[in-house]
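Next up, some structures in structure tokens.
Each of the next two complexes has chain A plus one other chain: chain B in the first, chain C in the second.
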Partner chain A sequence: MDGLPFFEYVSLFRDDLIFATQKHLLVSLYTLLIATVVGIALGLLVYRRASLSTLSIGALAIGFTIPSIALFGLLVPLLGTGLAVGFPVLTMYGLLPILRNTIVGLNSVDKATLDAARGIGMGRLRMLWQIELPLAWPVILTGVRVGAQLIVGIVVIGAYVGVPGLGELLFDALQNLGAVNKLNQALAGTILVTLIALLLDAAFVLVRRYTTPRGIRV
Partner chain B sequence: MSAAVDLLSDPDGRDTKLHQAPSLLTWRDLGIPLLCTAVVVGELYYLSQVTLGASQANILEIDNLVLRTREHVVMTLTITVIVLALAVPFGVLITRPRFRWLASPVLALGNIGQAAPIVGLLAIIGSFVFGFWPVVGMIAAFSILPVLRNTIVGIEQVDVGVKDAARGMGMSPMGVLMRVELPLAIPIIAAGTRTALILAVAVIPLGTDMNAGALGELVFAGIKLNRAESLVCGALLIAVLALLVDWASGLAQRALTPRGIR
Partner chain C sequence: MSDPAPTSSTTTTGGSADNSGGSEAGGVPIILQGVTKKYPGTDAAAVDNIDLEIGAGEIVMLVGPSGCGKTTTMRMVNRLIEPTSGTISIDGEDVLSLNDVKLRRTIGYVIQQIGLFPHLTIEQNVAMVPKLLGWDKSRISTRVEEMLAVVGLDPHEFAHRFPRQLSGGQQQRVGVARALAADPPIMLMDEPFGAVDPITRTRLQDEFLNLQQKLRKTIVFVTHDFDEAVKMGDKIAVLDKGSRVAQFAAPEEILTSPADDFVAGFVGQGATLKRLQLERLDSLDLHQSSRSTHDGVTPLPVRSTLHDVLDAMIADGRDELPVEKDGQLIGTVTLEDLLDRVRALREEADGKLSRRGDETGGVA
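Moving on to the complex of A and B:
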């Protein structure tokens, strides 16, 4: 049970903690990037068809229900451990809120606005680029923000099948409960994951502030 | 349409047939249970066909599977009861005028708590105590936020006019709460409870190293022994349980919603 005082532990294991944090951040950001690109692209393909939209939103709801710990376990025999299973699973979970919000956001653009755009002679692509996407952007961005929170949390869970990040420290602490310095390790890991999640969330507030079109800024 | 029929249809143009309660179960509701049954049957058949090494034979015995599943269900229900018993009264308290100022700090604190990783929280509490109740308590604390938030939101979204009307009829504050505000908030509270339930099913396996992992025993045994059968069986059962819990709470949500706002 007894180990170093917390701050001594942190300064002694500083390099390990920083390295785990870097891995965690990088895995999260890469998968978030892929999830955002794929999610918005899929949303663009689907949103004009009401039946497809309903179908994909239903399928996404089922995806939300499947616990990540189960999905990792199911895919390890097929894909292997570590990033091989980590990347697809993390991208999948990050995708869910982004795709959902892209569909919902694009479909909630006011019909009268679209009529007006068509009336002044805009084509499909121009309408999408200049009217629909900018108006749906706050909703889409909220989806990305939720996706980021999900991913940061699921990287931790993924550590049980070898996904790199702070989860490695946390599972190691959980599986060696009572060993020297494990409480310190659990505390430091928990604080760092929480910090990553909160800082990322704060970053999205800024991104939202500067990328929302002037006219719909509140 | 004749005048006589017009008198029967209500002003919103809804069909009078709606006055009979809409049926709670439709054929579409059978999809998820059927799928889950098929998956479980398939998995059990597969397990009966493969030859398992000595390391896995005990873990994957049918008795053990039933036991672990039952543990998982019991833990999920216990957590739900604790969460509801704490979050709903506290949420109601926070919406009363005298305590309303508490709402935003409590929710802000809850959001920070939600950002913390449950693996780490379990490791921290596990450094001091072990077993069923610490794991249940920690997971309950972790999944209280969705219910608390939805209780507050659910009560605050009740139309001011409706509350005024209730007060005008001479209802006491307690009467307004019990007969107007809470019934109208039920769908939203139930949605939050559903989220908390799914969360509980998903994180219970992490209690394995604290001797309260339920189906997590299979998953982590599979990882430690490097055996796919145990890992996949545990993962499948957890996924099936999550889908069934979500399905059942969806039905409960529908059944509990007052007829007038269904």
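Moving on to the complex of A and C:
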């Protein structure tokens, strides 16, 4: 048989595993941050016009169907490998659910509430900040959460074109599956990706809890 | 009992003279002149060249069939809708010359769907306009408590609740409190009591009328319930398609002499009974009664409407009932008195109608 027992493997390669996990988490968080800012900003530009909203949501739905591996492959010749192609592609995928949910969330705010807000003398910006965004927030946040899951998964695939993270370990393990400790490496990588995803999800549950206005908490 | 001509636009303190109570009007006059609204992509104007003068401190009811333009007319006053042509002035100032957002802070606004902010507490909802106006914190919190009490909600119980934790009627009260919070001279109310059950609606109406006695705001009140219009209005504007003013007069006048078939149709059956709702016992000469008790019959308060009196007579199977004021018997009223009163009202109305040679509606 090849290699060490799993736990011995983990303690021996501890530093490598932690480093790969850190890279994975950081790449995910940075792209998620950019995707969130850009997604919400685009949503704010678009949501007031019904036709633009419909168009965007349709376009986003198509975006979801493009396999990430294909997009990486297409863009490497243009942008190069590693983070150069990783950042734009990851941001793009993270953007899809965030933009969609921003548009949907802002448009689903009760019309009577908005009518009353305007009718008592709230200006555009104040209405957006004090009424529309807080009411749409749970929906927007759900978009960010889905975006986070999407990104964490696609970072793995990105290793194929040199995006740093746990994907590097996994690809290496799969390519050399017969070699010493490679099964352990694949297993450790998989577990760590899952842990990151679960951790982020738990974080969102907390964020959601503490940022949803009390009056609309279910 | 007919109204004097609409009060002139220059008055600031007088208000309409026909209002009971006599306190000064807190409101200001609103004048619409040749106001038209044509929505893009539609053939007919939603509001077609309407003229309307609303005196300071008056409640003017806009009634008319669905889609006739009541809401559109009302929303042009606070510029939620911009008129296509015509002018609207408030207290002599053309509203189009004012900043629309600031204008709305000086006009109370209540809608049928209430539109409370679901993520804000009742306190924060009511505080919104004072906050927009930059009042300081302590003044706002005093005001919020006061307003909640005014609309019959205990501040300690309700201030920190959220809208979804209130019943429909309670939410409606908060809606009124929010509109009143900054003490605006004008209130625009679009079917404000439409979304509650009839009993709650009656309560809200009564309470609001009581409040208005003190506040004397200028109120534009949209409803499609003619009975509500009769009850609440100092004047009623009966509107037809395109906000054509079919008749603009006091409720008494519209009930006794509707201007045309359209108005008559809107008044509907039972105009005489409705008319009796507007007359109170204290407008009749009571008979002095020799007896001091009326074996088991509850005396009617002198503030009762003639409608209530008739109802009590039918219910008790009597044609004479005692009347009390502050717990003291002050006389009796008879069925004959009511019939005389109705006859007098009819003659009054016939006098007006004979000029037009019209015939009165089919009300016996």
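In this text, the second predicted complex is superposed on the first by the 217 of 218 C-alpha atoms of A that agree within 3 Å, B and C clash if a C-alpha of one lies under 4 Å from a C-alpha of the other, contacts with A are read in each partner's own complex, and residues count from 1 in each chain.
Assume a residue touches a chain if its C-beta (ideal position, glycine included) is under 8 Å from a C-beta of that chain, and two chains touch if they have at least 3 such contacts.
Because the structure is a prediction, the values reported are computed rather than measured.
**Student:** Please determine, from the superposition on chain A, whether chain B and chain C clash or fit.
**Tutor:** They fit side by side.
**Student:** Could you look at A:Thr113 and tell me whether it touches chain B, chain C, both or neither (first, second, both, neither)?
**Tutor:** In the superposed model, A:Thr113 contacts chain C only, not chain B.
**Student:** Applying the touch criterion given at the start, work out whether A:Pro5 contacts chain B, chain C, both or neither, answering first, second, both or neither.
**Tutor:** It touches nothing on chain B or chain C.
**Student:** Counting only touches as set out at the top, which of chain B and chain C does A:Gly215 meet: first, second, both, neither?
**Tutor:** second
**Student:** Please work out whether A:Val193 is in contact with chain B alone, chain C alone, both, or neither, and reply first, second, both or neither.
**Tutor:** After superposition on chain A, A:Val193 lies in contact with chain B alone.
**Student:** Quick check for you: in the superposed arrangement, does A:Gly123 touch first (chain B), second (chain C), both or neither?
**Tutor:** second
**Student:** As a test of reading the superposition: which chain, chain B or chain C, is in touch with more residues of chain A?
**Tutor:** It is B that touches the greater number of chain A residues.
**Student:** Check the superposed model and tell me the shortest C-alpha distance between chain B and chain C, rounded to whole Å.
**Tutor:** Across the overlay, chain B reaches chain C at a minimum of 19 Å between C-alpha atoms.
**Student:** Does any part of chain A touch chain B in one structure and chain C in the other, and if so which residues?
**Tutor:** Touching chain B and chain C on chain A: no residues.
**Student:** Given the complex with chain A, which residues does chain C contribute to the contact?
**Tutor:** Counting only chain C, the residues touching chain A are 78, 80, 101-106, 109, 111, 113-121, 128-129, 132, 162-164, 175, 178-179, 188.
**Student:** For chain A, which residues are in contact with chain C within the complex?
**Tutor:** 110, 112-123, 126, 131, 134-135, 213-216
**Student:** Within their complex, state which residues of chain B touch chain A.
**Tutor:** Residues of chain B touching chain A: 112, 115-117, 119-124, 126-127, 130, 198, 201-203, 205-206, 209-210, 216, 219-220, 222-223, 228, 231-232, 234-236, 238-239, 242-243, 246.
**Student:** Per the contact definition, I'd like the list of chain A residues that touch chain B in the complex.
**Tutor:** Those in contact with chain B are residues 1, 62, 64-74, 76-77, 149, 153, 156-157, 159-161, 166-167, 170-171, 173-175, 177-178, 182-183, 185-187, 189-190, 193-194, 197-198, 201.
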